[in-house]
Structures are given as C-alpha cells and as structure tokens.
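You will see chain A twice below: alongside chain B first, and alongside chain C after that.
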Partner chain A sequence: MSTFSFIEATSWQCAQCHQPLQPAKVNVSYLNSVFNVELMACPQCGFILVPEHLAVGKMLEVEQLLEDK
Partner chain B sequence: MIAINISSSQPPIPLYEQDELHQVTGGTLRPGGIALTTELLTFSNLPPGSAVLDVGCGPGHTVALMASSFGLQPTGLDPSADMLAKAARHAPTASFLQGKATAIPCSNNSFDGVISECVLSLTGDIRASLREMYRVLRPGGLLLLTDIYRKPSQPQVDLPGLKSCITHALPLEDMEEGLFQAGFTLLSFRDRSDLLKQLAGQIIFTYSSLEKFWQLFMGENAARQTCCALFAAPPGYYVLIAQKGAYHG
Partner chain C sequence: MDQLQLREIEFRCIQEEQPFCTASCPLHVDVRAFMAGLAKGDLREARRVLDRTMPFPEIIGRLCDQPCYPFCKRGEIGDPLATARLERFCVTNSTTVLKLPKLPAKGGSVAIIGSGLSGMTAALDLGRKGRKATLITTAPSLGGTLRSYPETDLPQETLSQAATLLESYGVALQLAAPLDRESIAALTTKYDAVYFDCDEIGPDLLPFATDPLDPLTLNLPHEGYFAGGGIVAGTPFSVIKQVEDGRRAALTIERYLQKVSLTAQREMEGACTTRMYTVTTGMPHLAQIIPADPAIGYTAIEAQQEAGRCIHCECMECVKQCVYLREYKEYPKTLIRKIYNNQAIVQGTHNANRMINACSLCGQCTTICPHDFPVADVCRATRQEMVRTNHMPPSAHDFALEDMRFSLSPFCTLSRHQPGTERSRYVFYPGCQLAGSAPEAVKSTYQYLTDQLQGGVALILDCCGIPAHWAGEEKLFAETMEDFRAKIERLGNPTVITACSSCLSIFQKFAPEIQATSLWQVLDTLDLPVHPDLLPRQTLTIHDPCTTRHQDELQASVRNLCHKLGLNIVENRFSGKMTDCCGYGGLMQYANPQLGAKAAVVKAERSDHDGLAYCAMCRDNLAAAGNRVAHLLDYIFPVFEAQEPLDRNNPGFSQRHENRARLQQQLLTTLWREPSTPEPEHKKIRLLLAQEVLDLLNSRHILEEDVQKVIHQASRTSKYLINPNNGHRLASYKPVRVTYWVEYQPTDQGYEIYNGYSHRMLLPEEKP
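So, the complex of A and B:
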C-alpha cells in the first residue's frame, strides 16, 4: 500500500474543540479532482491540518499535473 | 493494464497484477476505477439477466460488480490463469474463460454486451480484437469500451523494458476506424483524460511522487526516464459505447 504518509506527531491541537489531532483518512478536493490522503485531523469536528510541505510540495506537483503546465 | 520488465532477461510482469497497486484505485489499476465502470454500466442500461463478456477481466472487479449490483450474467475472459483464479474468488457465480481478445473462445452472437476496460491497446491488434467483440455480440448488442489514446501530434512514448497501454497508446482515429470497419455504430463518446490526471495525482499522494511509484518496479534511471517521457507526451483517456448493427450478422 502507501509508502508515504502525511501523518506525523504534531503539537497542534484543534482551537475549537481543544482536542489533540489524530490520524485520519480524508478526501481532499482540489482542482475538480478528489484524492484520498492520510492527514492529522480533529477527532471531534473533523477539522484537518494541512502541513506546509503538503501545501507547497505535493499540491504543487499535483497542480502542475492537473493544469497541464 | 500495464506490464513491465523487471530485467531484460525476464518476460514483462503485468503491473496490474501487483496487489499494492490495486489500493490506489480501489481494486483496479485504471483511470476512474470502479466508479467509472459503475457509471458506464448504468448509462448502458443493460437489463438484468443480460449476458455480458468482460474482455481482459483481470482480477474480476468488474465481473463481480456486474453480478452483484446490476444483476447481469457476466463472463470474464483473460489470458492470465493467475488473474482468472483471483477473479473466480471475487465473483464465484460468474463464468470465466482463458483466452485472448484477438481470438475470443465463444460462438457468434453469444452476448448482449461486451465490456473491455483499458485493455484494447494491449491486445496487439485492435482491429482483430474489435472484429472478435463484434462477432460474439448479438445484433443490437452493446460494446462498452475505455482505453488510453495518443493525443494528436504526440509521438509514441518510447520506454525500453516497459510493455504497457501507455507505450501502446494509439491515435483515436485508429480506434474509430477499427470500430467502423468491424461494423459498429458509435452511440456515445466522452473524453475522460481528467481521470488519467486524477490517477496520477492519487499516485503522487500515495507514493510521494510519480518517480517513486515507478521505482517500485524499475531502476531509478528508468523511472526518471518514464516520468519525463510521460510528462512530455501525456496520453488521453476515452469512454465510449458502440452498438452492433441490428442488420449485421
């Protein structure tokens, strides 16, 4: 299966629920496509932490692919 | 379907037989996965009880779907005994045959529908395969087809050691000519190249990068070469429904 995961220990917690984040399988919708990604999320409200290396790293790769750049 | 050479001394190993790859698309290694198959079968409106042949059935996910969700009577055809064994476990009530698309081991006018997903380019002779699909369909029967195609003005991707639908992608004109020569009438055609991109994007999220994905099956240099070639000449993907004319035998 996956050899890569965005799940990592983090000191972030949900500001609204005050819950420590836990690993979760989520669907990320981006540029009219949906991807299954493992990310850290609030177990109560489902709010998801998008780490910087995902936002400016993998997302950029996917964006280049989806937009024919 | 994709097949690769691990080394030059070994025959190509079909990539779609690798269990870990099935995770990327929920059991199938083709753009759109089982969701596109569901969409295609729904749109075809084949009534329950219809006999449908899956040409290149692989591990049998489509065969199982046809039996369980659409009430169809599916038959799976594949050249690989290993794939047929897996398919029989997925769809125990279905029938299976070992054979090739270019010589389907069935009599004329046997099926109400023929489905073939991401297989046609790999059959070696798409005209012969389409003629065979036409032959085994009953008059008025439907052909449900999905496959990769080569976009206009793009060269054939040359990747030594990689035997795949990517390296065998043909221009749409070749497929259309094969359809019409066989006697089919085209009912519906949709370009779904977006699904090919979605699959590539999912691979990036799952395996970190496309290059790392290819490295699972080949050396670093070959993986880099594969990524560059596909980036320079990305293929397209189509979905179509064609019909065997009511007045053709």
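So, the complex of A and C:
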C-alpha cells in the first residue's frame, strides 16, 4: 500500500509530553477503506495532529468520494 | 424505481416534446434550430437544418406552404414567423451543406410511376435506403405540376438539379416513357412494389380503382400497390402534401419489402399534435418583418431580424422558478433519468447523490407543471431507497438529524397539561424551530392560549420528525410519529395547535386520526392583543412557507390576522400556492449549503418590500440572507425591550440549541415548578467567540456545545497540543461520528476560541 505523506514543519507540541511533533506512519480509515499516511504526531504518546488544511481539504475530498461509492 | 416507473414518470415532463412548428410540419423540420441559425446570421447552420429533413431543399425551400404558420406561438404576441419567406431566403442564398448518406443496397425493386414531387420524394427516400427505385414518367423532365411554376418562383434549374441528385442515389430515371393503361399494367408485374404519383397519373391510367386508399400507409386495395400526391378534392395544390405523401409511401414500401407491419407506431408521422407547453405571457409583442421589396424577399438583415423573433418554444416553466433545477442544470425529465442511473450503479461513483439530497421537496415544480411532475416524491423515495440499501452518504443529513435528536432529547422535550389541570382540550405544539428561534414568542403564545381557551391547553415541546422524513430515514421517522401519538394519547387526545406548518403537514398526513390545526387559524377566532404603536409603518410582503402550499385556509387566516392587527401587507407573485422554499425544506441547506443560501435570496427577491414570515425557518433564513424580515408573532406578542423585529439576526445553529434547552428549563421551573434535567458538565465551560469565529463554526456545522465537549475532554485528559509561540492550544474530540478540532486559549473570562474544524475519517485510536 502506498503511503501519502502530510509531513510539515509545525509549531504545535504535545502539551502532556513536552515533545515537538515528529513524522509518524499511521492508518486512517473511513467506510471500510484504510489509508496509510504520514502525519505529525507526538513521538512519546502518539497524539496525532490533523491540521486544518488537511481536514477541510484532502481528507474531506476523500470522505466525500468514499461516501459516494 | 424500476424502468417502467421511470418511463411513466418521465413522460409527464414535456420539455422534450416537439415545438408547435415542428409538430405541425408534416416533415418535422426543426424550425427552432433553423431560426436559431438564421438569427445568428449563420446561413450554413440554417441550411443544414433544411438539408437534414427536406428531400429537395432547393425546391421545397422556395415553395413551402408553411402549415406551421397558424401554430406559431409568436402569433400570440405579434405575428407568426414568416417561415416560408425565410426558407426561400435561406435556399436562394446557400448551397447544399449536408448530403445524407446512401445506405448499402438491400435488394427489392420499386417502380415509381409519375414524377411529381411526391414521386420524386418517394424515389429519393427509397434510393437513400438502398432500394432500387425506377422513376418513370411520360414527361420529358421531372416535376409534374412543379414544371408549371414561373421561373421567378421556381427556377427550372432546380428540377434538373433534383434529377442529378436522384441519380446520385442510384435512382433510374425513365423520362418520356410511353405510358398507357396497358403498358402500366404490364410494367407493374416487373417490380416488387409500385407507387403511383397522382400528380401525373390520373385514375384513367391506373390498372384498377384507387378506392379505398389507406391514408396511413397509402396502400391501394391491391397488395404491393401504393398511391399518393396530387390534389385533395376541394383544396389547392400543396407542395408539402406532395412531399408528405412521397415520404409516407417510401416508408410503407420499405416496410412492405422488409415484410414488417405497415401500420405499427406511425402516429408521429406527418403533422401531429404536441404536448409542448409554452407560456408567452410577459414577452414583448413583435410584428412580422416585411421585406422592403417583397418581390425579392428578405435581405440578410431582414431575415436575421425576422428569425430573431422566434421565441424558441420550450416549457421550462418549473426550471424558470426553481433554484434547485437551475443549479443542477436539469429539467425534470433529465433529472429523473440521472437519478435512475445513479441508483443503477453497482460499482463506481454515485455522482447524483448530492443532487438527490439537495432538493427542497417543496413541490413548487409540481404545482407549476401542467402534468404535475412529482420531483419531490421521486427525490424522497430515492432517499428512502438509499437509506434502506445503505447507500446514503453518512454526512448528507447527519447534522440535521443530530439537531432533531437533540430536540427530542430530555434537555428539550416537555409534555404537560396546563399547570394546575389534569385535562386538556388543546395542546400547543410550537415546533422545534420556533422554540429555537423565538423562545419568548413560544412563552407569550402559550400564556395567551391558556388565558383565552377553555378546557385546558397542554404544551408539547418536541420535534415532529420531519427532518427524518425528508432524509429518507423511515424507521426514525416512524418511531418519532409513534412517540408523538403516545404523547397525545397520554394527554387525553387534545386538539393539536401547531405554530409550524411543517409539523401540521406531517400530522395531517401521517396521523390523520389526531385533530390538528394551525395556531393561525385558532388565533383568527380569538380577540387579538393589538399594539398599533409597535407596528411597522411600511408595507410588508408575506412569505408563505412552502409547507403551506396546499393549506389555503391557513394562509387565509394569516392574512386575516394581519388585517386585524393593522399590518400593511402586500402579496407577491410567488405567495400562496406558488411560494418558494427558504432553503430549509428537504434539508437542502445541509446537503448543499450554498444552494440553500441561494434559495433564501430567491425567495426574498420575489418582492422589494420588507418581509413578514410565519415560519421560524423562513424568518431566520431570509434574515441570514441579509433581508429585513419579521415573524408574525413578533407583532402579536411584541417583546417591548427587544430589538426591531425586522432586524433580528439569524440565531444560528448553536443559539437555537441553547434556546430550546433554556425554554424547556424555564417553563418547567416557572410554570410547573419542576426541576429540569441537570446540565452536563461540559455546558459549564464559558466560550468567548468573536463573530467571525462563530460564523465559521456555523458554516462548518460545529456547535458551541461540540467546542465545549472538546475543551472539556482536553481538560479532563490533559491531552492537547500547545503552540509555545502564542500559548494557543489545539485539541480534538469525537462525541459520535465526527471528530472536532478546536484551537483555543484559557483566559480569566473563559475560553477564547480561535478556530474549529472537523473530519469524519477515523484516526487509529478512534472507533467508528
């Protein structure tokens, strides 16, 4: 499965672990489809950041595509 | 919907019917397209239209007796189009653009005896179909009666051109053939079929009587013999009749040679009726352009002007008014085909889902349609099918259904007899949207009804379930109706008085056993509190809600109430039965928010006056679209310190939630002295929201309560992100199906909110 990368420099840090976010490979899913993506996440607790542009952009696009399948 | 149902329903839409000119033309020339070409000054395009349908454009274009003339709709608003003159202009100023192909030879031999225009047409059509046709005449050249036309009307050159054309399709010409009764009888035995052109061949030459002639097939009483053309007794010679007969005969002969039915499915052949519906009201009158020199005919400019008078007859009556059909660039027939195809997709993208979910189901198109095309019924039934088959996109109606669930939750619902009573003759049912939009109006109205009506007035705060009905969620809707019935029964079956016409329409349709009426009809029978000082001076236009389309008495009561109150009201052309939806109906504004906003603008623009609504959603949507609009209750029960009713803002989704919950709380504690359901913990979180952030959250369907839940969860778990540059926090939470993200910062006064967004895709730790 190909991985889609959404790695980007970010000022957000994990408040609990006091860690800057690092790229992490994660599986996101919707309506029986799973996608392997690279997102920024806390290296310690794994808190994943979904930035606004991704949520209202690519992610929304894919959600709507899957909903119309 | 199966294919049969599709055909039955799509037949009702007449947009694709022939226009009046084409239907009344025995050749079905596409006059509309011809006029469009000429109006553009594109002579070749106009000529192509003639070449496609006319057998000999050079001849017919000059001599057409325009049977379409009395049927031209332009005649209702001026003079009919001078089609014959325009055809003449076209063919005299152009040469052949389109030469129709000749099909491969198929065998079968046909004799055409007589070379008038009907014989020429039959020969040409048969030649094109690949049949071996022989045109036999005693005359030295083709044309029959056409040969007698003066050169100015029909240059003889056109007849020799016709002969060349016929030969190019393989038609054998036998000119100057010696024909008498005996030789004709002998000739006919050599061919598979014979056509007699009566323009040249009189009855004396025929081997047998032509009576009776079947007018549909032109079949003589002898098998394989056909006749047409000439003059119908008592009428002048008609060029078009010659062509029509020749064409009809060629088709019959083709069928005869194929040994198939000579009569099946020939209703649309020749001049026919059409169901086309074209409204000319409001179009400017235009008189026919008369050529400066009638002997020469039109100049190019005159022809362009004359063709420019064509109104391009079509129906589109519903599309002209419906913002939804215009948005998706469909008329009902194409819409329903798209829906049918969308539903037939097994693997692949259902491209029409959003379109199906965006119809307001308001029924305006059905009212306008001369054949009652049921767009709303089709869209609603399709939504039900999508839900049943698990093909409804989860996001389509989720937000509206969550809103409905909240209205039905213990935080908002209430069902009680009038305080201090145990019986109710009536129950006031304001509906969820009035409770959300104008809770003070609900309180005043209830107070007034309990003062005025005898026998006890109960109160139900609830939702009728129409969002579920619109969303195609039959099960949820049935449960909601069941719950409503049980509540009414527990109250002793009082008469329901609704302030919402949508609720009323639902109760009347799905619970006809329950007595239900509108608040407006009840108020119309009572003495009204009148506050002349608080009424607006200007005239207001009434915006009827779309769910009152068929509720004449309700609409009449609203107008009575306005007169009694002293409100100056004026009707607009789209009130009453024709009224538009504000964008809420059918959940349009959730499935396609931009379209919902457009619908509100369209409704508002039906009048230049400020508006008066009596549906909470109409009021709020029209206000959101930037219009001055009040609710009728604002003038019956004015809130004295309140802002100008015409300028009240759209409360937005969050405020509506808040209003419903607070209304229930206040009524329970003040009227019934009962404790209300305790608020959940997250509701205590105080939010500081700038207007633009609030607008952003509204447009993204994020409620303030969702924001509170995110912050509450982040505080509880300490799981959030922080930006060391500005101290902002970013946290997420998924209460049900949607994950919400909020950027915020705690301050002394509460939580300052900067941003909010959401997604449905699941992160690894989230469960569906």
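By our rule, the second predicted complex is superposed on the first by the 64 of 69 C-alpha atoms of A that agree within 3 Å, B and C clash if a C-alpha of one lies under 4 Å from a C-alpha of the other, contacts with A are read in each partner's own complex, and residues count from 1 in each chain.
Here is the rule we go by: contacts are C-beta pairs under 8 Å (C-beta built on N, C-alpha and C of every residue); 3 or more make two chains touch, one makes a residue touch a chain.
Being a predicted model, the structure only gives us computed values, none of them experimental.
**Q** Just to be sure I read the superposition right, which of the two partners does A:9 touch: chain B = first, chain C = second, or both, or neither?
**A** neither
**Q** Under the stated touch criterion, which partner chain does A:27 make contact with: chain B (first), chain C (second), both, or neither?
**A** Second partner only, chain C.
**Q** Can A:49 be said to touch chain B (first), chain C (second), both, or neither?
**A** A:49: touches chain C, not chain B.
**Q** Can A:61 be said to touch chain B (first), chain C (second), both, or neither?
**A** First partner only, chain B.
**Q** Give the label of whichever partner, chain B or chain C, reaches more residues of chain A.
**A** So, of the two partners, C touches more residues of chain A.
**Q** Once the shared chain is lined up, is A:36 touching chain B (first), chain C (second), both, or neither of them?
**A** After superposing on A, A:36 lies in contact with chain B but is clear of chain C.
**Q** Just which bits of chain A does chain B share with chain C as contact spots?
**A** On chain A, the residues that contact chain B in one structure and chain C in the other are 28, 30, 62, 65, 68.
**Q** Give every residue of chain A touching chain C within the complex, in rising order.
**A** 11-16, 21, 26-31, 45-50, 52, 55-56, 59-60, 62-65, 67-69
**Q** Which chain C residues qualify as touching chain A in the complex?
**A** On the chain C side, the touching residues are 348-351, 353-354, 393-396, 700, 718-725, 729-730, 732, 739, 741, 755, 757-765, 768.
**Q** Which residues of chain B touch chain A once you look at their complex with the stated criterion?
**A** Listed in rising order, the residues are 20, 23, 194, 197-198, 200-202, 204-209, 212, 216, 234.
**Q** Quick check on the complex: what are the chain A residues that touch chain B?
**A** Of all residues in chain A, those touching chain B are 1-4, 28, 30, 32-37, 58, 61-62, 65-66, 68.
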